[in-house]
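Chain IDs A, B and C follow the sequence of writing; residue 1 opens each chain.
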Amino acid sequence: MVAVTATTETGARPVRARRRLRLPAWFGTTPFLAYVAIFLLLPTGIVVVNAFRSPSGALNLSGLKAPFESPDRSLFTGSIQLCLISSVLGAVLGAILAYAIASGDPDGAVRRLYIAVSGVLAQFGGVTLAFAFVVLIGPVGLLMHASWFYTFPWGIAVIYTYFQVPLMVLVFLPAIDGLKVQWREASESMGASAWQYWRYVGGPLLAPAFLGAALLLFANALSAFATIVAWENQIAYIVPQQIYLAINSEVGLSNVNQADVLALGMIILVAIIMTGYALLQRRAARWLR
Amino acid sequence: MAAVTSVGEAPLAASARRPRGMQAGRRRRLNAFRYVVFTFFTLFFLLPLLAMLRFSFEGSSLGTWSASAWSEIVSYQGPPPLLSAVEISLELGVLTSVVTLALLVPTMIWIRLRVQWISRAFEFLCLLPLTIPAIVLVVGLAPVYNRIRHYELSALMLFWAYVILALPYAYRALAAGLNAIDVKTLSEAARSLGARWFTVIFRVIAPNMWQAILNALLLSAALALGEFTIAYTLLYNNLQVELYSIDRNTPNASVIFSTSLTALIFTFLLLLIISYAGRRRRRGMR
Amino acid sequence: MEGLSRRYGDVVALDGLDLTVQPGELVTLLGPSGCGKTTTLRLLAGLEDADGGQITVGGSDVTRLPASKRDMGMVFQAYSLFPHMTARQNVAFGLRLRRIGSAERDKKAVEMLELVGLAEQADRYPHQLSGGQQQRVALARALAIEPQVLLLDEPLSALDAKVRAQLRDQIRRIQLDVGITTLFVTHDQEEALAISDRVGVMQGGRIEQLAPPTEIYSRPATAFVAEFVGLTNRLAGTVSGSTVTVRGRDLPLVDISTPPGPAIALIRPEAVTLASDSSSESGPLTGTVIASTFLGATSRVTVDLGDTTIMAQLTTADAVALPAGSRVSLTIRPDPVLVSADAAPAAEAE
């Protein structure tokens, strides 16, 4: 046997005949870091930097005021309105569905079916979905013609909710699974009714996870673009639509700057939301794992 | 951050549970509740899909029936022909999922084994694309893609951006797979038997998370197939953009629905199969 | 409990079980997994419904009553403390449900925590407490509502050995202090024998023997009990009349109605004594020491008798004098023994 040598702290790549490559272990992550740097961090950086620039390239903070003044302001309120409605609806409905799934056979067909369905529907929310709803409750709808279908925000909110619910199921189900059966039984044996259990034990325990999931839904709705474009693309109701117009219209460079500013606005909004989500998740994880 | 239910994952406690009953009254109420909820949601989810199904069989005038939408998938001329858009999206699907996995699997295993201190930052980076909406990413990517356009490269170049979009989903699926196996012990065992790192990653760890890998693959491919925003904004033509422009030109053309349904059903079946395949394996290992 | 039965699909968990617990008594249900002891406890708690039979508490029939209406306190094996509440809040939970004012609640909670010795940890959260401390809080919580019956479902199984021993004594002390009727479930025979007034050994959904610990140990009613509780030697012998002849010695039988013929005698290691044997003749009760297992104050010595092996329990000092390879002669104390007809060895519980 070879004499035992202590392993070095830094990760050694396989030793080749005479050359010894001693690279620190984290070099293994270089391909990933390089990729992300170029295709995620760089574009984001470009957006952020350009938002602070005037068309001539000088530093210009006036762009930052734009989201708070109309017409951009109505875009942001429109966005937030739509997101609020669809995420509240999605969260509540999704939570109910998630509970129904979680309270059944963990290996059963129903559970697998619904998780697969949720996996698919959470992804395919865009163009396809909007068309499906047009066909269902639009002007020549098979089910009915919902006169409110083309109104903002309620018409489009129904469509948004359709892909929010599956996402809620996927994100919230682990939390419900994390509720230990012993807690229910312990509270029962101490005399708690079902309502008391949810009010004092189940509810408080699920609250952080629920709120976190709802925030995630909110961020998800905020970013949605495809659905609303397929629904109605003549008028820009929400920020992403305006960004698109700003990039692709022929009016000139100044609109690209608008796109950057709007994009920055979105980044900030979503960043706030995701921070809230992360904090809530930490709390939920401690209790429900 | 949060665990997300991936297909095929049953709650860990399930296998450890002995038959544990529930009080009759409570069970009755619970079953009634489940019955109502599932009926409601089955209808809720099914209705638009059924509408799509009905419409995919719609003939040239309202109220008639025709299966032409289905054969048209192959023959729709465009411009551009639907089939070429399908082809591009499929290729993008494959490309995206392969590159995403090639990027993530070795990196994640490596991090878990050797560079644990990076994992927080790594997770943050992987989940960042959730935070940066696609439409915002496109604003920053536009200059890059404008330059690419000079070289007349096809829409396949979209995959660079798609990989980024797929990162959060693939990461979560793979993380779930890694959590389920004892990576440290397996790798130490392999190393003590003389395996190099390459072998450990590709021949020891990765095969043990095949279900998570399949999941990640499918999610990335599904993302590429369903992606619209970036392709549309950058003026490329993929499946979703094509479907959209068909609708713009011929409102409610039924071929849109036949195509979409095919994609949906196909993905759904794959997810379901993965979910069941995982279970059999778990049983087999007992 | 009378005639209780419960099945899960094809599996019969309980098969006509009868059990009466006297007020203030601590009865332990002991048995291997799957024997039905936990099921019995859960039926008593009301967490599951019996398929047949009746449950009476303090004279009233509670069989149809849901768990929340039965006046019982329960301690689970693990994880039962509410993670989002402090120890104090956990203990006060039952009182809060009964709409007891917050000042009084608090007083009672502190009182209970003092009873289990955790008054100083009142404001800690479960994840800040050790396993043993968590179980003590769970006990305080169950007792706070002053229930008629206390139920404990393997409360010590998830704890370290040392903590387990300390905690079981503490549980017994508190139980005697408060004087509450208690049903305790465990698979650990040491626990059962140490703290119970009576022990019910269960197997396959039925109680094999229900008796005080000493009786369970020294006068097991069935072969299963003899083999589950403590260690047993199995030696071939012949029954005739009221004795069984094992390797040339006659030993009295516990059950004198045992039919004559060949049988397996169940003999406790403590009933076997060893003496150094310098003579070279080998008789039915001579053999060679194979191994010694050091158990602290005592040691278990395994002796090879040629056609079988036997275990003897000696003080360590005596065992040290007989190292492996020594020739020894055995004496079997003439305690009444049980015989078993079946030849298949049962699983040993350690």
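Convention: a residue touches a chain if its C-beta (ideal position, glycine included) is under 8 Å from a C-beta of that chain, and two chains touch if they have at least 3 such contacts.
If you're wondering where the values come from, they're calculated on a predicted model, not measured in any experiment.
Taking the mean Cα position of each chain as its centre, C sits at the greatest distance from subunit A. With A-B and A-C as the two chain pairs, more C-beta contacts join A-B.
Subunit A and subunit C have Cα centroids lying 53 Å from one another. Per-chain CA centroids place subunit A at a distance of 15 Å from subunit B. Counting partner chains per residue, subunit B has residues 20, 26 touching two or more of them.
Counting partner chains per residue, subunit A shows two or more touched chains at no residue at all. Along subunit C, residues 46-47, 66-67 each make contact with two or more other chains. The touching residues of subunit C, when paired with subunit A in their complex, are 45-47, 66-70, 72-74, 76, 78-84, 93-94, 96-98, 127, 138, 141-142, 145, 151. Interface residues of subunit A facing subunit B in the complex, by the touch rule stated above, are 11, 13-14, 25-26, 28-29, 31-32, 35-36, 39-40, 42-47, 93, 96-97, 100, 102-104, 106-107, 110-121, 123-129, 131-136, 140-143, 162, 165, 169-171, 173-174, 177, 181, 194, 209, 212-213, 216, 219-220, 222-223, 225-226, 229-230, 240, 243-244, 247-248, 259-260, 263, 266-267, 270-271, 274, 277-278, 281, 284-285.
Considering their complex, residues 18-26 of subunit B touch subunit C. In the complex of the two chains, the subunit B residues touching subunit A come out as 1-8, 10-11, 13-14, 20, 26, 30, 33-34, 37-38, 41, 44-45, 47-49, 51-52, 54-55, 62, 103-104, 106-107, 110-111, 114-115, 118, 122, 125, 127-144, 160-161, 163-164, 167, 196-198, 219, 222-223, 226-229, 232-233, 235, 240, 243-244, 247, 252, 256-257, 260, 263-264, 267-268, 271-272, 275-276, 279. Taken in their complex, subunit A has these residues touching subunit C: 180, 182-183, 185-193, 196, 200-201, 204-205, 286-287.
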